[in-house]
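In the two complexes below, chain A is the common chain; its partner is chain B in one and chain C in the other.
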Partner chain A sequence: MADIVLDKVGKRFPDGTVAVSEVDLEIADGEFVILVGPSGCGKSTTLNMIAGLEDISSGELRIGGERVNDKAPRDRDIAMVFQSYALYPNMTVRENMAFPLKLAKLDKATIDRKVDEAAKVLELTALLDRRPANLSGGQRQRVAMGRAIVRQPKAFLMDEPLSNLDAKLRVQMRTVVSRLQKKLGTTTVYVTHDQTEAMTLGDRVVIMRGGAVQQVGPPQELYDHPANLFVAGFIGSPSMNFLPATAEQGRLRTALGELPIGDRMRRELEAGNAPRELIVGIRPEHFEDAELVDDETRRRGVEFAAPVDIVESMGSDKYVYFTVEGERATAAELEELAADSGAAEFTGAGSNLVTRLSAESTVAEGEQRRVWCNLEKIHLFDPANGRNLTLHEGRSAGALAD
Partner chain B sequence: MTSQSQSATPLGAELVQEGTERAAPREPAATGPARSGRKAPLSEGKKAERRLGWLLCAPAALVMVAVTAYPILYSIWLSLQRFDLKFPDQREFVGLDNYVTVLTNGFWWTAFGVTMLITVVTVAVELVLGMGLAIIMHRTLVGRGIVRTAALIPYGIVTVVAAFSWRYAWTPGTGYLANLFSEGAPLTERASSLAIIMLAEIWKTTPFMALLLMAGLALVPEDLLKAASMDGATTWQRFTKVMLPVMKPAILVALLFRTLDAFRVFDNIYVLTAGGNETSSVSMLAYNNLMRGLNLGIGSTMSVLIFLTVAVIAFVFVKLFGTAAPGSADEERR
Partner chain C sequence: MASLDTPAGAKWRWGLLDVVVVVFALVPVLWIMSLSFKTPATLTDGKFVPREWTLENYRTIFATDQFVRALVNSIGIALIATAVAVVLGTMAAYAISRLDFPGKKLLVGVSLLIAMFPQVSLVSPLFEIERQLGLFDTWPGLILPYITFALPLAIYTLSAFFKQIPWDLEKAAKMDGATQGQAFRRVIAPLAAPGVFTTAILVFIFCWNDFLFAISLTSTERSRTVPVALSFFTGESQFEDPTGAISAAAVVITVPIILFVLFFQRRIVSGLTSGAVKG
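Coming up: the complex of A and B.
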């Protein structure tokens, strides 16, 4: 077991493309860190550099305090789980799991004991004499995990290990991975493009975009205090609503009506270097059916009316889609997020507002509905560089903050 | 191995999941011959479909019969007769006498030994060289097209032409190789002749081997090799413990093709030594008896024996295939 330190690690391919630029990251011993981002953000390249499968072009990588830039993968003592599982088709489950131990030249009795132990943990004992071709996807995935844990490496690297499983099994395996990591206490770096996996699994999440780290922190912190537009849009499902806004005389003019801003925000906006055109970001759960809000709460937000487009009842709450007038918010980050989710080509008229209302709400499709919005949770972004303007000393207290 | 285990295909094994091993006996393919055994009367549409099926197969089947089945059967028929075109009047059915004659003859066994030697040595060397070449072609990043084209040139040259260029190269006095390596005439001595024949064969067909093996290399997932290097395997261990086992089916196919080809070696020997100094292969011997000796009976007997040997080799390889596919049910029971 060991800590992993990435010190300005970069990857530049021979043709000049920069896949990863100057990633600084300190992963503590026993920590579970998730690298997440849209495809092509450099997360897998970063993982491969830690593994040694990809050369490091610049910077330094230290595992357990030792520089390993030039060490071959087999000398780094780390195990990796692949998305394709990469099980050896010619070997049984037992042979697959014993393979790294055999290469390490352990004696037969020790190998058998370790394989049996690992098989027990992952409930693979009954399958030990099968071949990968005769296993289901979930079983193969567990064998791949087994092969990684069996030799008690310094760290685990996991490259989208659950992506090939169907949705239900993926949720189930998520808890298995989480429990296993806690039990073994091994430093783990986990790559995924699924923000739900990132939120639920990691001690800390690293959000990457275009080869650069956007923000590092515990999942809840990323959710509550996103550093920029990209993080705000990437984390959360359904994702944050973004609306264009104009700052005018201490107020924000938006499609939801005029919103007040707090003193600190106002000072910053009036300081001159802040743009007048802004993007307002509001999470779906910070809306509520105006009928269900008590007076005390009502004072902390604003109310507006909008036509209801679609109601999706989830049982525990309702996702209500409103149509609001005006342009959609535009920024490079938002376009990239849309492209990644495949929604780029889908453009409805006007902008859509996704809200998450209480299940008790009697909202119906087609009607005009009054909705309350919590101003304390509003984020303001600079469309030019995506920076979260409401963030003060790493915390975001909404547009009303004094 | 039981006959049941032979019928299990790797695909069938793929479908066998936990607890379903005994579920539903494997159905033969819907249009397979098994269906035709059923008593149920066929509908009009089915009949028409079957008729169309036969009609569509007919031309190919007829051509096959004309060019393959007929010559085979005819040469078997010839091999059972005393039939020498020099003495056409003495033609008569002699049963297996020709086989006794050939199989008790020293020339046949010498030629058989030479053929076996050439087959084993060339195929073995080609496998090693071909594998190396395949890996080079597979791994090259720069000038991939040029590397592959260059490697395939020998295979593109007509065998007889290539054989002549080897012959001239080894001709004392004028040949550059003969002057370089030896004082005498290497093609006039048995050992050196055989060595040169094998060299010519290897030079010519290694690219073919490499091509087949390269197809096998493409079957080895990159992730598998990455996983092996994470698991602590050296380059050599990755090659022997991961790459070769996964490639085994492709290797067997390549070996089968090359073995069958090599066993019928003719052109190179014909041009280089014309079978002199006991360098004849069985094909050469059969040719000499049939075309030069005009002894259709003995020549056909040799052809049939070659055919049988090739069939046995093919059979052995196909048997090996059955257990070759990784994870197949056959291998499970081994």
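Coming up: the complex of A and C.
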């Protein structure tokens, strides 16, 4: 049990590339922290530096208050679960799990007891005498976890432990990991590129991009109050809609029509250095079929009409894709997100608007439909630096705030 | 490998081809075995199966000190050279496959160069050097050149094996509390075992078969190996045809190779690393 503190930790490779730059992060004892970001964002390098598998180029890493920069992995007393599981194929499940204990020179009775305990927790008892080759993917994953928990280390590090499982098993194992971490109360750092895993598992989520931390916070906070365009686009599925907007005479001109803005926003936008070209971000669930909105709610937003492209009925909701006129919003962050999801080469004309409407909506493909959009929940971003302009003291108040 | 949907015709064609290759390779071996069991009188009768069976040829070769002595030399020299080459090769191959050190490309290049070098051009200089150093006609005099030429082979074979072992296993061992040495001994070495045995067999056969160095760098029974001793075989008297004895000796020296391969074959279990990582 220990806290982990990263104090301006950085990683620079000999060829000069900076993989991680000045990461500051305090992970409390027993906390479950997720490092998430697209591939190449430095999350795995950060984890490997905590593990001791990569040297730290600058800054200080403290585990349990003690500086461990120069300590070998085995002297840090932390366990790691690898994406590939990395089970020892020449050993049985029991030997795999006993391996760290044998290296710690525990006596045989203690080793047996601890392995049996860990096996029971992970329901591996029946598999103890098998070899990894004769296990399914999910079982191997559990053995890898068993090997980590068996010696009760100060912290667990997990490097995309579920990404090799099929979708169904992944959801199931997610709850297993979550329950296990709560039960053991061990500090855990978990790396993933899957924002769903990040949202569902962590006490806190660290979003990384290009080796730098973008935002740290509980999942809901990142979702509701993203600090910048990157975080807003990365968290959430389907992801936030981004539309270009122009600020003009106290209003925003967008593809959805003119949107009013509140006093505070207006004052900020009228300041000398404020950008005139903006990006509006709206989450799919902040739209609604205009027919289903009552008058009270209607006043908090605007209505517009657009042609319906595709309707996906999920049973509980309907995902409705609208085609809207005008340019696509452009910013470095958005291009990076598109590249990561593989959507970069997949651009049609005009922009697409993803909305999540009530299941009761009678919307049909091909028709023109009136849609309501909640103005209290929209975000405004500066395309130049991606900053969320609607964020005040960490809270996002929408564009209408006075 | 014939998959289930291979047409029957293709199977037959491949099968036939296999038979041709096997026959082509084995006929000389069977022929020499047949010769070794023939009596001097029937030696030249041209029959594949001996008309009169005899073990006389075998008795003859083991009765002469010449052959037994050469056999001991061969076994000793080949085993020592193999052991040294495999140990050094394992360490070098591990470093080459795992570490990035200055001069790595040069090292690999040089070892390739050694493997490519025509050995015959080295015989005269080696002869002079060994005479000066007093290594001529000694065991080390043969072991040293054998190691030199076997090492590139060992390094290449072994580094291919090491590259197959997922690096994550080593990282996992380190996280589990192993030192570099423990990680190598307890995790990597057992997995590299098939590669080590394969290499050992290849190196052993190379040393066992060598004729060029053995005939140039030896002069007496002190260090003469079997392939050379065979060429000096004369039989009991000058007028006796040594063909039977030579055949018997040739059969005898293939036996250790077969034993060696059979002994290690069980350990060359392919797919030993399966189950280590995803899949």
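As a convention for this text, the second predicted complex is superposed on the first by the 402 of 402 C-alpha atoms of A that agree within 3 Å, B and C clash if a C-alpha of one lies under 4 Å from a C-alpha of the other, contacts with A are read in each partner's own complex, and residues count from 1 in each chain.
Going forward, a residue touches a chain if its C-beta (ideal position, glycine included) is under 8 Å from a C-beta of that chain, and two chains touch if they have at least 3 such contacts.
Please read these numbers as outputs of a predicted model, since none were measured by experiment.
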item	value
Superposition on chain A - do chain B and chain C clash or fit	clash
Partner chain in contact with A:R74 - chain B first, chain C second, else both or neither	both
Touching partner for A:N164 - first (chain B), second (chain C), both, neither	second
Partner chain(s) touched by A:G65 [first = chain B, second = chain C, both, neither]	neither
Chain B versus chain C as contact partner of A:G16, first or second or both or neither	neither
Touched partner set for A:G137, first chain B, second chain C, both or neither	second
Touching both chain C and chain B, counted on chain A across the two superposed complexes	51-53, 72-74, 78-80, 82-84, 86, 88-90, 99-100, 103-104, 131-135, 147, 157
Sites on chain A touched by chain C in the complex	51-53, 72-74, 78-80, 82-90, 99-100, 103-104, 131-135, 137, 140, 147, 151, 157, 164
Chain B-facing residues of chain A, complex	51-53, 72-74, 78-80, 82-84, 86, 88-91, 99-100, 103-104, 127, 131-136, 139, 147, 157
Chain A partner contacts - residues on chain C that touch it in the complex	166, 168-169, 171-179, 182, 186-187, 190-191, 271-279
Residues of chain B defined as touching chain A within the complex	10, 13-14, 16-18, 221, 223-224, 226-234, 237, 241-242, 245-246, 248, 326-328, 331-332
